[in-house]
Amino acid sequence: MIVPIEHYLILSALLFAIGAGGVIISRNLIIIFMSIELMLNAANLSIIAFSLMHNLMDGHVLVFIVMTVAAAEAAVGLAIIIMVYRKRDTINADKFNLMKR
Amino acid sequence: MEDRILTLVTFFPLIGAVLLLFVPKERDDSVKSIALIIAFITFLFSLMMYSMFDPVANGMQFEVNIPWISTFGISYHLGIDGISLLLIMLTTILSVIIMISSWNSIKTGVKGYFISMLMLETGMLGVFVSLDLFLFYVFWEAMLIPMYFIIGVWGGPRKIYAAIKFVLFTMFGSLLMLVALLYLMFMYHSFAGEYSFSILDLYKMPIPLGAQTYIFLAFALTFAIKVPIWPFHTWLPDAHVEAPTAGSVILAGVLLKMGTYGFVRICLPMFPEATLQFVPLISILALIGIIYGALVAMVQRDIKSLVAYSSVSHLGFVMLGMMALNVQGLEGSVLQMINHGISTGALFLIVGMLYERRHTRMIADFGGLAKSMPVFSTFFMIASLSSIGLPLTNGFVGEFLILLGVYKANPVYAIIGATGVILAACYMLWMLQRVIFGKITKPENEKLKDLDLREKIILIPLVILIFWIGIYPKPFLERIEPAVKNIVSIVNSSRTASEAGMSKGYKCVGDRCDTHTFTTGGK
Amino acid sequence: MDIKSAAIFFDILYPEIFLLAVGMFILVVGNVFKNRTLLAYLSLAGLVGALVLTFQQWNAPQSGFYGMVQIDNFSIFFNVIFLSAGIIATLMARDYLRAHGIERFEFYPLILFATVGMMIMASSADLIVIFLGLEIMSIPLYVMAGFFRNDPNSNESSVKYFIMGAFATAFLLYGIALIYGAAGTTDLRRIMTDLGYLVSHSGLFLYSGALLVLIGFGFKVAAVPFHMWVPDVYQGAPTPVTAYFSVAPKAAGFAAILRIFIYGLGGLNELSVIFWILAILTMSVGNLMAIFQTNIKRMLAYSSIAHAGYIMVALSVGGDGAVSASAFYLLAYTFFNLGGFAIVTLINSRSGSTAAIDEMKGMSVRHPFLAALLALFMFALAGFPPTAGFFGKFYLFSEAVKAGYIWLTVIAVMNSFVSVYYYLRVVVVAYFGKADEEFAPVSFKPAIWLVLVITAAGTLILGLLPQFGLQLAQMCMFSFK
Amino acid sequence: MEYSLYLIPLFPLVGFLINGLFIGKLNKKFVSFIACGAVGLSFFYSAHLFFELLSLPAEARAIEEILFVWIPSGQFNVNIGFLLDPLSIIMVMVVTGVSFLIHIYSIGYMHDDPGFSRYFTYLNLFVFSMLILVLANNYLLMFVGWEGVGLCSYLLIGFWFEKKSASDAGKKAFIVNRIGDFGFLLGLFIIFWQVGSLDFATVFEKAPAMFAVGGTLITAATLLLFLGATGKSAQIPLFVWLPDAMEGPTPVSALIHAATMVTAGVYMIARSNVLYMMAPTTLAVVAIVGMATAFFAGTIALAQNDIKRVLAYSTVSQLGYMFVACGVAAFGAGIFHLMTHSFFKALLFLGSGSVIHAMAGQQDMRYMGGLKKHLPATYWTFMVGTLAIAGIPLFSGFFSKDEILWKAFSSQYGSTWLWVFGVAAAAMTAFYMFRLVYLTFYGEGRMDSHAKEHLHESPKVMTIPLMLLAVLSIVGGYVGIPHVLGGINYFENFLEPVLHAGQNLPVATHVLTSGSYSTGTELLLMASSVILVLLSIILAWYLYRKNTDLSGKLRTSMSGLHKLLLGKYFVDELYGAVIIRPIVNGSLFLWKIVDVFLIDGLINGLAVVIGDISTGLRTVQTGRLRTYATIFLAGVVVLLLFVLLR
Amino acid sequence: MLLDTVIFYICAIFAVGGAVMMILQRNPVASVMFMIVSLIAQAVLYVQLSALFVGALLIIVYAGAILVLFLFVIMLLNLRGERFEEERPKLGLTTKYGLAIIFFFEIVIIIKQTVFTGSISQSPITVASDFGNVKPVAELLFTKYLFPFELTSILLLVAIVGAVLMAKKENNDKGEQI
């Protein structure tokens, strides 16, 4: 264990920021969703790093649970995307602006 | 009976309103009759209360004090002194009168209208009987709602604007009052170690001048908007003009008095030092109101808004007299509250009768009514003269006492204020001249029916009161006097105390006040 | 570690388990029974049963599963709110769904599951469990928002809610990661105990983690600037669902916030500034945006944002008072807000309705009683006495004043002043329109009557005789400190 | 002994109530019977009281009766109470007496008017108010009467309310009076807060101790009261209402605007003589204002064509005389002139009323002439009045006017200038009165033929009061024949207990010691004024009888002056331009600009600003997910920044 | 020692590069592929952090299941063809990138400033040999974390119900359009 934990944390922050950037930049619902998944993963990476740092495996359980959550979200999220695509024939996030102001 | 009479008087109209809910809405006449009977019985109850009232006793009477929200020391605390007594009487009398006056003028939503009116009556009475600040606030706010509907549903063409303006103006102040109320609550807690909203308890609390100033301002702003003191008055003409006749009567007759009542009941005795600080400001605003209201009233084209602006002027007198902080000024001020209710109420009723006949209130549409409607014109004349303050009418006694008291406090104010007496004559007489005198120029005015019996019944009690108070005001004045003396003594003791470097009768070192020598009892 | 640890008590989870069981039962029999009404009653029975079970736990704090489940008065008070909201929403939903031809049996289990999620959120002292509770709550909500599958607005609502929700979840998770990093645990009790040490050693992690967690829940309670989804989602979702959204998840979010920030991280005084800022932003933006809305659902959405702001006023003060004041307010808010939504549901059940405010025109003539109730709820929302809205605000603001946050209170009060304008506008439309304006009749069903009666009674009773509710709210404390 | 003073005002009050409540339901006979009977009863009862009073020793002639407490407020206590003393009994007698005659006269004069019963109702109310005014035992009750008569004046001037000019005039009268009342009220405040009471007895007893002689307070108080008097008694600068008041029925002009109400100011000052004696500055002001008014109004009267306006300005002028008397501390002389004036001026007005009655409403003298033969009774009685007002010896006016002129000259407070102007005014009075007589009764009739046929003497019910008043105009002066002419001046002696209270003040004793002038001087002055008066009568005769062309020429050659006089110095126009228009325009400004534009604008502006913010915020709500997420992230960034910068 | 560092940087570059490429792709299929690249790189880092079990899970569950699900959906809906016409975004791209970058630096500052980082990153941590293995993690999962574990099952149930409800093609959906 030579690489400082700090590095992992910064890497995780970078991934999180990229994910966040992806959400706000992308127009494609699928890519937006994947960016969110990336953010979850980035958070996971931090948790793993912290686990090692604290020498506690609670973090691993946490990550396990997060993955389940991610899976559940993915299932529902993709179902929703399918539904809206059927209705609107697009997954361009910008098109979904019937309601505003 | 002693301890229930106030509850009875206050909530009887509400019971009536609930009762009305179960009357089928198609049966307009039963709705009207029931509402009238309820209002009348309330009036009888209030008469009973009047007869039970001990005119010479000092302090609150018929007190009731039942814990309500004990967590915050909030209780159902009622009680009246002479000031509230008269305002209650005014409210119950006017309520009966407006029930009759609305008999024919309200054609749609009759049931809702009378329910609102009865709820409004409870709200108004509640404000006058509350000795718990929280309860006071609740009634104060709750009363807005029926009034809002009365203006907004049964009002004139710009009713929505007027109704919303009315609520927003009033609400603006009262929300600040809420903050002050909360502040006061915690202040009392740190003073007495327990919560209490009882006005009587709060009288006893010493408040450092700095905090007092802010709390006073919050309360005063609320009341000032309600009164309304210039420059917070612009809601009034709109509300008056757009409200139905009965709404205007209640608005002018009672609602405006809540502001002045608030000053008398809360601001003066609770924050005497802050009051003393603000006497010049409020007096000057009141003076501006007197003259400004009169001048603007003079050039109005609509009779109702003329009367509305005249209210601004008259309420200026009330405030001016109050700020004299002596017995005459305050007593005149309280009496003038009643007087204004009677004479302006009568004027609004009269304008309403005119409106029912011609569906216009523009001065230019009238002229020469004295010929076609002599009885009407006589009543109009009497009400106007009372509004002008002619001796032997009620207006004179009030205005005279006010100016007398103000002269003692500050001659310059009295001199400026007295010009209002001249101006009142100007706008009222000019209006009378254009409305009831002169030739009949409009053919529509030739065949106007004179007052019928119902309308006479509405106006006669008011005319009797106009002369009664004008000729023999003693019964009224003697009931007001103990209460007024009480307030004056509180203010004066704080005046002498503050001159001696103390605060409200306490010796205060820094923020800590340790000697408790204050008493509410008057001399 | 002993698997048969005495820490595992399923009996303290009876209400949740009961709800789950009913939910699953409905799922199982849903495809068989075509009688949806029966299913609705079944789910109602489940909610009521859970309510009864929950009541039995009052004043008997218990904990289990290694402290991950905390049953205390706090959680029970909130559970009651969730269950009541669930009951009312179910009652509203049946007729609405039928009227729009979307009466699918999955709806009821979803409400039940979401409620379970909320209950878990309120009764846990562990960030992981709270996080899971949040997810269990959120996923049914995403689906319910899109329940009107043929309606593009509903679709959009679902997508927006889902994407923003997931986005917020990511921040929440990152916040939990940072807190975990700082504390080495997600157990709030331990964090609370070691707070002094943690602050001095890894304070910044703790703060930033707490902030991100706050943002995650701030999203659920619609704190500005994390509120952007609210109007769109509320407008698009089926009306009973919107009603449910406006109350239950918000209450759950606040329950979590209270548990985490008043209880666990209560020692982080600096957070108060954050709450202060959020409170002002939330109130002001919510109220300002609501002014010109023409759709009543959207207007109520902004209004719900503003109400979250009022609650945050108390949160910025912190302490026990804040807990009971917010709890009381949320309870009161449940009644009058759901009452308002019940009427909107009625309006919205008519075919062709888009829930525009103008659709209320002439209501007072056709349905005077309904109009009176509408006025009651609007006045309660605006905070007029003697409604629950007033006393709730009184209590909230009193906390702020008590702590000397006078200016914050003044701003809050000015905000409720602004709010008066738009609430009154609804009343204006319902009452002040010309008498000849035709109001298409609405069809009253017993369920909606029941809802109206319950909510109106709650609004008035909590306003006129708040003493009992107040005492309950003051007993609504965390089990240990 | 019980005097039941309240009965005096009660009778007319009852008359008012009966006629007023049943207005339009009673027949004319009954109405007139009630109205006249009420006033008659008052008159006879007060006559009875007069003799009761005479039977008392002089120093006991002050009877005070209190009915009930009116306004009690702290240390302020005012009663409804009456005071009968020599001063008030004289006023009561004059008021009831003249009123009684005029009531009777009115039966004839108003016979065909549709507002007959309304007229008598108002008239009774007026008598009631006037009696309250003169009988009050305190300033506030006096003020009640004071305003009450103002109200009646308003109602009666505007009696023919359909005429715009009439209701205008009524309004003007009321408002101008109100300006005076404003001063009156403030005066009362000073008195009350200094003395602690408003009762006459207490005030006059305590005032010397409470006020410094000549001090600011007493000067201010008396000046303010005098402001009230100028309003009521039509003195400069508030005289403008009186000429317009002639829009009312002529008997009203006679009663209210000549005989009784307008003299209230004089009465009030005489009543307050104690206070005025303590304020020499005020006395000087009163004298100067009075003289200026007398002179000024006289000049206006020279050029008027309306018969009633001439009389109106003459009233203003004569009232000026009374104030001069008060101003030189000769209160008795003032009251004396008040009494005689009320006789002859009532006579003149009623006479002019008879003329107008005969001329079917025509009031312009340019269309009259030669009425002497048509209206003999009117002519003769009118002539008596004219001689009395002109100050021809042996007529009442001579005695009273001469006493004023003498006091103006001789009193400590008087001066030669006052006398000079006084005599000039007297000469003018004689001139315009004879001008009036010549234009009206002499020469050729200038009316059209229709009107000529209509001419007739008035009925008995009108002429008999004229005759009675004519008698009074002659003999009324004999109660006050000055010592210099061998009289004993009963009048002054009778009033002495009241009026000399002030002069008995230690501070004011020197006033009485004015007898440093010889009787010769007095006689000389008297003679010179009589000669001047006679000369001006001759001038009038020359201009309007002998050489009528000359008056026309004179008019054209001095057209500027004539226009100025005819236009009453354009005071009304001046007031209109300087006071009324600015106030009206200012009020419009306040309403339209301050109220609607500024205050409401400010509030609406605030609402607009809030609305704009709202609209601005709403543009952010684009409905796009990306925007939402961006703002979310921005929020996170900003809040994290807070944490970092903590 | 050096190897660790090299592996870290290589993985880091892959993880970040994959992530960046993922969000910049127009084609969702390529996006998924880059995401998988990033995830695998992260899995290596997990292993490097002694988290064998979750590292394996990441590959199996995330890359293997979740992302394949994405891929399925993309294929199912045939989304590859969709062109997104350029709309001028309200907020400029720079702002958005800027926000993300600021956010990153904020977190970096937070990490850097936190007191304890300096102290632990220098000294190597000695951990138990089975740290992060299946058994100890499983022990935790079924004892201390039993309750969350149970909850995940509810979550999955809910997700299934929701997904079915949403994605199910239902012909008898007779709901009216608003």
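Read from first to last, the chains carry the letters A, B, C, D and E; within each, the first residue is number 1.
The rule is short, and it goes like this: a contact is a pair of C-beta atoms (placed from the backbone, for glycine too) under 8 Å apart; a residue touches a chain by one contact, two chains touch by 3 or more.
Remember, predicted model here, so these are calculated numbers, not experimental data.
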Shortest chain-hopping distance from chain B out to chain D: 1
Set of chains adjacent to chain A and to chain B: C, D
Selected pair, greater C-beta contact count between C-E and D-E: C-E
Maximum centroid distance from chain D, chain identifier (CA atoms): E
Most centrally placed chain, judged by C-alpha centres: B
Where chain B and chain E are represented by their mean Cα positions, the distance between them in whole Å: 69
Where chain A and chain E are represented by their mean Cα positions, the distance between them in whole Å: 5
Computed distance of Cα centres, chain C from chain A, in Å: 26
Distance from the mean Cα position of chain D to that of chain C, given in whole angstrom: 79
Chain D: positions in contact with at least two other chains: 618, 621-627, 629-630, 633-634, 636, 640, 643-644
Multi-partner residues of chain E (each touching 2 or more other chains): 96, 99-100, 103, 107, 110, 113, 140, 144-145, 148, 152, 155, 158-159, 162, 165-166
Multi-partner residues of chain B (each touching 2 or more other chains): none
All chain pairs that touch each other: A-C, A-D, A-E, B-C, B-D, C-D, C-E, D-E
Of all residues in chain E, those that touch chain D in their complex: 89-91, 95-96, 99-100, 102-103, 106-107, 109-110, 113
Residue ranges of chain D touching chain E (in the complex, touch as defined): 622, 624, 626-627, 630, 633-634, 636-637, 640-641, 643-644
Chain C-facing residues of chain D, complex: 610-611, 613-615, 617-618, 620-621, 623, 625, 627-629, 631-632, 634-636, 639-640, 642-644, 646
Contact set on chain A toward chain D in their complex: 20, 23-27, 32, 93-94, 96-101
Complex interface listing, chain E residues touching chain C: 107, 110, 113-116, 139-140, 142-148, 151-152, 154-155, 157-159, 161-162, 165-166, 170, 173-178
